[in-house]
Amino acid sequence: MSESPVPLSPELLSGETSDIYFLRTQRIMEEEGVNPRVTMEVFPSGDGILCGMREVLTLLGKALPADAEVWALSESESFRLKETVLRITAPYLSFGIYETAILGMLAHESGWATAARECVEAAQGVPIVSFGARHVHPAVAAIMDYAAAVGGCVSCSTPLGAKLAGVPAAGTMPHAMILCFGDTVRAAVAFDKHMPPDVPRIVLVDTFHDEPEEALQVAEALGNRLQGVRLDTPGERGGVTPDLVKEARARLDLAGFQHVQLFVSGGVTPERIRAFVAEGAPVDSFGVGSHISGARPIDFTADIKEVEGKPLAKRGRIPGIIANPRLRRAI
Amino acid sequence: MSESPVPLSPELLSGETSDIYFLRTQRIMEEEGVNPRVTMEVFPSGDGILCGMREVLTLLGKALPADAEVWALSESESFRLKETVLRITAPYLSFGIYETAILGMLAHESGWATAARECVEAAQGVPIVSFGARHVHPAVAAIMDYAAAVGGCVSCSTPLGAKLAGVPAAGTMPHAMILCFGDTVRAAVAFDKHMPPDVPRIVLVDTFHDEPEEALQVAEALGNRLQGVRLDTPGERGGVTPDLVKEARARLDLAGFQHVQLFVSGGVTPERIRAFVAEGAPVDSFGVGSHISGARPIDFTADIKEVEGKPLAKRGRIPGIIANPRLRRAI
Amino acid sequence: MSESPVPLSPELLSGETSDIYFLRTQRIMEEEGVNPRVTMEVFPSGDGILCGMREVLTLLGKALPADAEVWALSESESFRLKETVLRITAPYLSFGIYETAILGMLAHESGWATAARECVEAAQGVPIVSFGARHVHPAVAAIMDYAAAVGGCVSCSTPLGAKLAGVPAAGTMPHAMILCFGDTVRAAVAFDKHMPPDVPRIVLVDTFHDEPEEALQVAEALGNRLQGVRLDTPGERGGVTPDLVKEARARLDLAGFQHVQLFVSGGVTPERIRAFVAEGAPVDSFGVGSHISGARPIDFTADIKEVEGKPLAKRGRIPGIIANPRLRRAI
Amino acid sequence: MSESPVPLSPELLSGETSDIYFLRTQRIMEEEGVNPRVTMEVFPSGDGILCGMREVLTLLGKALPADAEVWALSESESFRLKETVLRITAPYLSFGIYETAILGMLAHESGWATAARECVEAAQGVPIVSFGARHVHPAVAAIMDYAAAVGGCVSCSTPLGAKLAGVPAAGTMPHAMILCFGDTVRAAVAFDKHMPPDVPRIVLVDTFHDEPEEALQVAEALGNRLQGVRLDTPGERGGVTPDLVKEARARLDLAGFQHVQLFVSGGVTPERIRAFVAEGAPVDSFGVGSHISGARPIDFTADIKEVEGKPLAKRGRIPGIIANPRLRRAI
Amino acid sequence: MSESPVPLSPELLSGETSDIYFLRTQRIMEEEGVNPRVTMEVFPSGDGILCGMREVLTLLGKALPADAEVWALSESESFRLKETVLRITAPYLSFGIYETAILGMLAHESGWATAARECVEAAQGVPIVSFGARHVHPAVAAIMDYAAAVGGCVSCSTPLGAKLAGVPAAGTMPHAMILCFGDTVRAAVAFDKHMPPDVPRIVLVDTFHDEPEEALQVAEALGNRLQGVRLDTPGERGGVTPDLVKEARARLDLAGFQHVQLFVSGGVTPERIRAFVAEGAPVDSFGVGSHISGARPIDFTADIKEVEGKPLAKRGRIPGIIANPRLRRAI
Amino acid sequence: MSESPVPLSPELLSGETSDIYFLRTQRIMEEEGVNPRVTMEVFPSGDGILCGMREVLTLLGKALPADAEVWALSESESFRLKETVLRITAPYLSFGIYETAILGMLAHESGWATAARECVEAAQGVPIVSFGARHVHPAVAAIMDYAAAVGGCVSCSTPLGAKLAGVPAAGTMPHAMILCFGDTVRAAVAFDKHMPPDVPRIVLVDTFHDEPEEALQVAEALGNRLQGVRLDTPGERGGVTPDLVKEARARLDLAGFQHVQLFVSGGVTPERIRAFVAEGAPVDSFGVGSHISGARPIDFTADIKEVEGKPLAKRGRIPGIIANPRLRRAI
């Protein structure tokens, strides 16, 4: 995992993306001179894979005074429903306005990481690549890819996401390129000619002809330099099925192209991955889009559990901290 | 709706948050001298409310040459499954690397706007406020609030979102503030003392006592200056129910506080809003969180349909443009 | 179990509550001089806990001549669908008019006892109290409570039911009393002042304030004399939940009232009992109402299987007795 | 409907079948000198047909002082979920201990009357007879039959129930009688010989032979004196079906016995009645057992809504009376 | 509909394919001299389209004596559950052994005709061709095709079936032929060269290449002589979808081949036909296989309802004939 | 299993019941001189019991030249979804027109055999007789009975089916015979008088009286010569139930007729057989009709997998043969 510092935007730091009532609370409490030392605990609304904590700790590191104390689970650890994943003890005003940001980072990133983990587990060792940048706003595309890598993806499609996550960016070629060239083989040859040697030669083979047919044409053109082909059959043609993968494998093998790998994309979900695995389809890697990038955030809640060392809680919650031996001192 | 310019980040403009294969395609096509004039169409995977188009057109405005042509639906219009919402005719290389960003903006923002619209329609006139910033990454919290306003929310919780959308930011007070003060009435009085006159006095009334009881205490303390109370009963206490709203109304009325409004939050969904409306619960406004902010993006797809004026399409798609009389010339 | 004699009403003995066709049959058979010695068997339409047999045997003891023979399962034994639970061999006219009463006693009482047993089994050792008298006609309220005790309830709410069953009558205080006093603490103090020492001080704590708050007020007023509090939260407030019980326990403990027990009532069913047990909610006792008292009777059927020692049966039934080694000679 | 006075048992009047906490409340309030004038309202947990009110008013008539006021719906009126069916204004101690009895009478009797009404409505004019005494305790068998008549049954099987309801008792002959005689025709002839002329000659025809066959044998024996036959086919033979009724009708008609009516019993429910009606089966009357007598009570709740003229209610309820223009002054 | 005589096999006429107990019955009744004039009625177990009656009447015409009377519904009429479709009055021994054959013809053929009708109705005017011979035994393949035509199919695949039904036999070309030629265009050209002019040039276009691609190759080779193409995409490629049909149409039109029709086959069912119609897919004709040929027979039952003019029936049936004004005298 | 030769009809051999496109293909290929040596494989669309292979091999034996090679599974073996059950290597024109017949024989007969096997397995040793000839066209009635025997039925109702399968034909007596005699006992006595000694005396006992009653009458008339009775209660009387079988057994035993067997027919399915077995009903044999004869064919598919020794396949299929070690050389 990358150790590069996490950038925090000025809007976040100024509270402009916080719920406004935290800003108002800050002003009122300052004016009234109320600023107790509190303990706040954060817990999730479901099971999952923790992500965003690195960013949260960077934020708290900037915000908290020297005598604050923070306990937390680590990035990429699993968590359970209602388990305490973060405990902050500090003067309230030192961090109160960041409650929105802290919860939002954990919720959104853990949602993505958890969905990625589902795919990784379903694939039983077949690598998963995060391909969903096109389904989220560009302002979070790289963070989504980072979270997908935390969940176990081996690479992702955005350069910035790859940099955040410390993994290689991955991609083959889009339909647009092949349509502009007007011919798959011509596009493949141009790709091979201009790309640096470390970029794998993986060619998309469903644009103009039947997939196995186009795969054979490309394999004949690039020979041993071809690393693989990508099957991305649209729903109008039934999508990629285990049978199609098996047939493409058989036809490539029959023609002597045993070295050409098969990369599957298009509407891939854990359920479909499990079907490919169960039917023994020889997939070499899956590209997953909206199952990861469109995953629902896993909501987190922050509760004040002690004020000036005294257990306390709003109605409906147990006063005092909830012990969790898995927490480690983070600040 | 706000007319303020939409800021575009340097990472977006440089393509660092694009799928890497578009960057590679750009390099290959430039080196090969291939750059046809193409027509690309964009269509959604479901019905919804269009949002993000303002940002997309800002981006295209920067990127496209003078002879380009763009037709589009407008921000906040409704769209149907597979309807063409955007058609770009231009040299491919002038906008190809922005396919990821264009689709991501539309997908994520339309997802939020559509979910907001569902709530607005369910509420049959009762105002909806967007309260979900805490469930998304702070990098998109304001954009989410903007989209919620496009979908029909009357206000939202983040100052930056409110600014983007041209609506007032809204908020009452958090449980944390009341717990720090140790007493709801004391917190309410401080709020009233320090907030400017234009900030509505709406007090959260479920922290220490039964909701109607706490509402009466606050009403007695603030009198006519109290605009409303917020009911946010936690699930451990059964959540806010239509019966609770009716009872709070009755007890406030009985004590002469007919002017105090009732604001409901906590796990509010269109289904629950419909139940409140159906049972005649006198709610004055709803705060909606994760139903809007955690809404699944509505995936969009971009297809090249003409190259140099000639109809064409990848396998599975109809070659040539799909007529849509609702489109208007945008660039 | 109590050994007190079961009272039988004059209307029952005279046949006024029997199906009239048995009275007509008696007259016809007497006039025709037909009165064979028959064997009648009684079996249930489902599995359950037998109750009412004590009353049935009292009735048969009064009705049958010296040479009659009765075999039966005992009060509180379990039975299975279609198992013979009672076999009477006697001249038909000596008991024929009581078929209605015999079946009715077994059906109604076994229905209640079986429902009580379900609760007892769900509670895994936590005591169950029968609180359902208000859902049945007063003419059977005490018999219902007796049957609940046969099914395993440790006490019940009616004095007459408690006497029949040989268990203590139990109760805390009704909302009506607290509303008449206008204050829960005042009502609790009066209760403590006037009740004999053997009546447990259990105070209902949901009338005016939030349950844990009212519980603490009462605990402070009665101190060590307070045995427990009853949580009976209405559905309009979400009912009693496992979380509420845990929180009340935590807040009482935090204030030093570890000795105060928690008694749960209000819509309690086996399913909800199982949820409390599964979530580890520290309930000290449950009060069950309509799940027991509104239980459907378990229908019983009586069949003549031998006439003058000869196997015989109506169409649809096997002629001759159905052996059941669990039966014991009762008369 | 009968106008005969409703008998009230000494145990009911002494409170021995009340929840014990009402007796304790009475003692405490007397000793404390607390006895406010209260208004209590009673409402049901579902829709139904009101029954038991006659008995409740008899009880209140005995208990209340001269200045009390009672408003109520009338016996056999329909009511809706949560509608106020009874409002008592009186000093609390004059009727407090009868809350259990009042609710129990209404709950149990309305449950039976409502189930009877369902059958009556399903039958679209075909008469329904209450035959379920054998499924309830003899202490309430007659009250159940009374309630069934309130719900619309034209007669019932117990003499005491018939007397309470002012309808004729009805019955044919039991299987036991036919088995004792050893022959259906012989039993039918004896019945005809010894019964007074006003008892309808309806003979059960499924004991020894196929139903239409036995019906013809009986019709030939009794000729014009036979009013009808009862079909009560056991489940082991498929129960009574619309086809069987049609066939019996056809075979009787073919043999010239058009005057012989068909009476159907055995597991009859509204759903089965609707099937008979929908298929045009010529049934002349239905006997209904456990669908009515085993009906779940419809729970009622009593709430104090005013104390000394001041609106008040426990948490979860609206203080003050709930207007219901259908109520009429009853005391 | 064809008027050609229906051939009846010697095994059928000799009774070798009848249930043996009819043969035994014949012998016993002959030896006993029992041969009453009976009326037998035949009715179905469900709704449907009558088929097989032509064959039944041919058989009865051969078997019955001069004084027999037969009333029947006609081939291809609709019938309802339990409606009398055939009534025979004749000496029992003249037709008793043919009960098996009569019921079997009606059951099997009506099953097929009814399934065909479902497809025809779903298609709303688009012609349906029966293609299911390969799913039934060759001994009934032609009869199945005849029944499909009775149900509304415009043609069928077997020459003998077409002859029986008086419709043209239809077919395109099998995958086997194309695979033997090794090239679709070569096969198409050979087909065009050797087939008589009245055989429509419809070419199967999914063997070697993507369907629209292969369709265009064939259209270019045969030009105006090509009547249509058949799409029969296998399940491994997602089957034929409405989108594929639309795309093939669009690509053919774009290339100027508006005259080339689209014929769809492969797993076609009424449900799928309705989907094609609902989505507006321009299908010119459907080939239906196992939905018709694998249809469950609609069981028929024969009942003797009169013996020597006297109404009679077995237990469970109404004695005497069931009037049906739709019947017409057939013999 | 019978070894008698399977008759093949002239229509089958001439191709008149083949799909017409095979006949056209034959003509085109002959005229073009195209006739490669191909390998065709046949596989099913589901699991089942193989039937029809005997007939297929007879047909191929007639059609193929000396150098052909055929591998196959054997009649009555089980097969799995997509398993190769038949592989033919021969010049295409020698067998191409028989594809329809080969698939049809396997599909229809395997469908029947598989349904029969389900019944046999459900019955756990109780014999099953095929009684469904009346639900299929007489042209396949005997083949259906043959297939039922292949699936495990011990006998069948048609003489020709019994001959094909090498099992005895079975039958009791039809309702028609009893109605013609007008009396079950009279019919039974006549049956006994005229049937050869090897025909079992099994009498149908539900025509005029209740089943056990009629069984006793017949048993008394035929005494030890009665082998069994058949219960075939119509649906209008509830059908045959496990309870009816038990009661009939009990009443026969009670009267000393322990030797009389019970044969059950009428709507028998594997599910109902399992219910009889699970409830311990003493059935001696089941007659199964439409569950077997109305069974859906199990579709088979034929694929060319090699042409002149070279692996090949249409799109969607794997080129080359699919190894199956269970195949044995058949020709």
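Worth a mention:
Order of writing sets the chain letters: A, B, C, D, E and F. Residues in each chain are counted from 1.
Note that contacts are C-beta pairs under 8 Å (C-beta built on N, C-alpha and C of every residue); 3 or more make two chains touch, one makes a residue touch a chain.
Predicted, not measured: the structure shown is a model, and the values here were computed from it.
When the C-beta contacts at D-E and at B-C are tallied, the pair with the greater total is B-C. Because chain C and chain D carry the same sequence, their contact can be compared by residue number, and over half of the numbers here are used by both.
Centre to centre, using the average C-alpha position, chain C and chain E are separated by 65 Å. Chain A and chain E have centres, each the mean of its CA atoms, that are 57 Å apart. Counting partners per residue, chain B has 208-210, 233, 235-237, 243, 247, 315-317 as the residues that reach two or more other chains. Contact between chains, using the touch rule, shows up for A-B, A-C, A-E, A-F, B-C, B-D, B-E, C-D, C-F, D-E, D-F, E-F. Every residue of chain D that touches chain F in the complex is listed here, in rising order: 208-210, 213, 233, 235-239, 241, 243-244, 247. Chain C makes touch with chain A in their complex at residues 210, 212, 243, 246-247, 250-251, 254.
Within the complex formed with chain A, the chain F residues making contact are 311, 315-320. Chain D contributes residues 9, 11-12, 15-25, 27-29, 31-32, 34-36, 38, 40, 52, 92, 96, 99-101, 103-105, 107-109, 111, 131, 133-143, 157-162, 169-182, 190-191, 193-195, 199, 206-209, 233-237, 290, 293-294, 296-297, 299-300, 302-304, 307, 312-317 to its touches with chain C in the complex.
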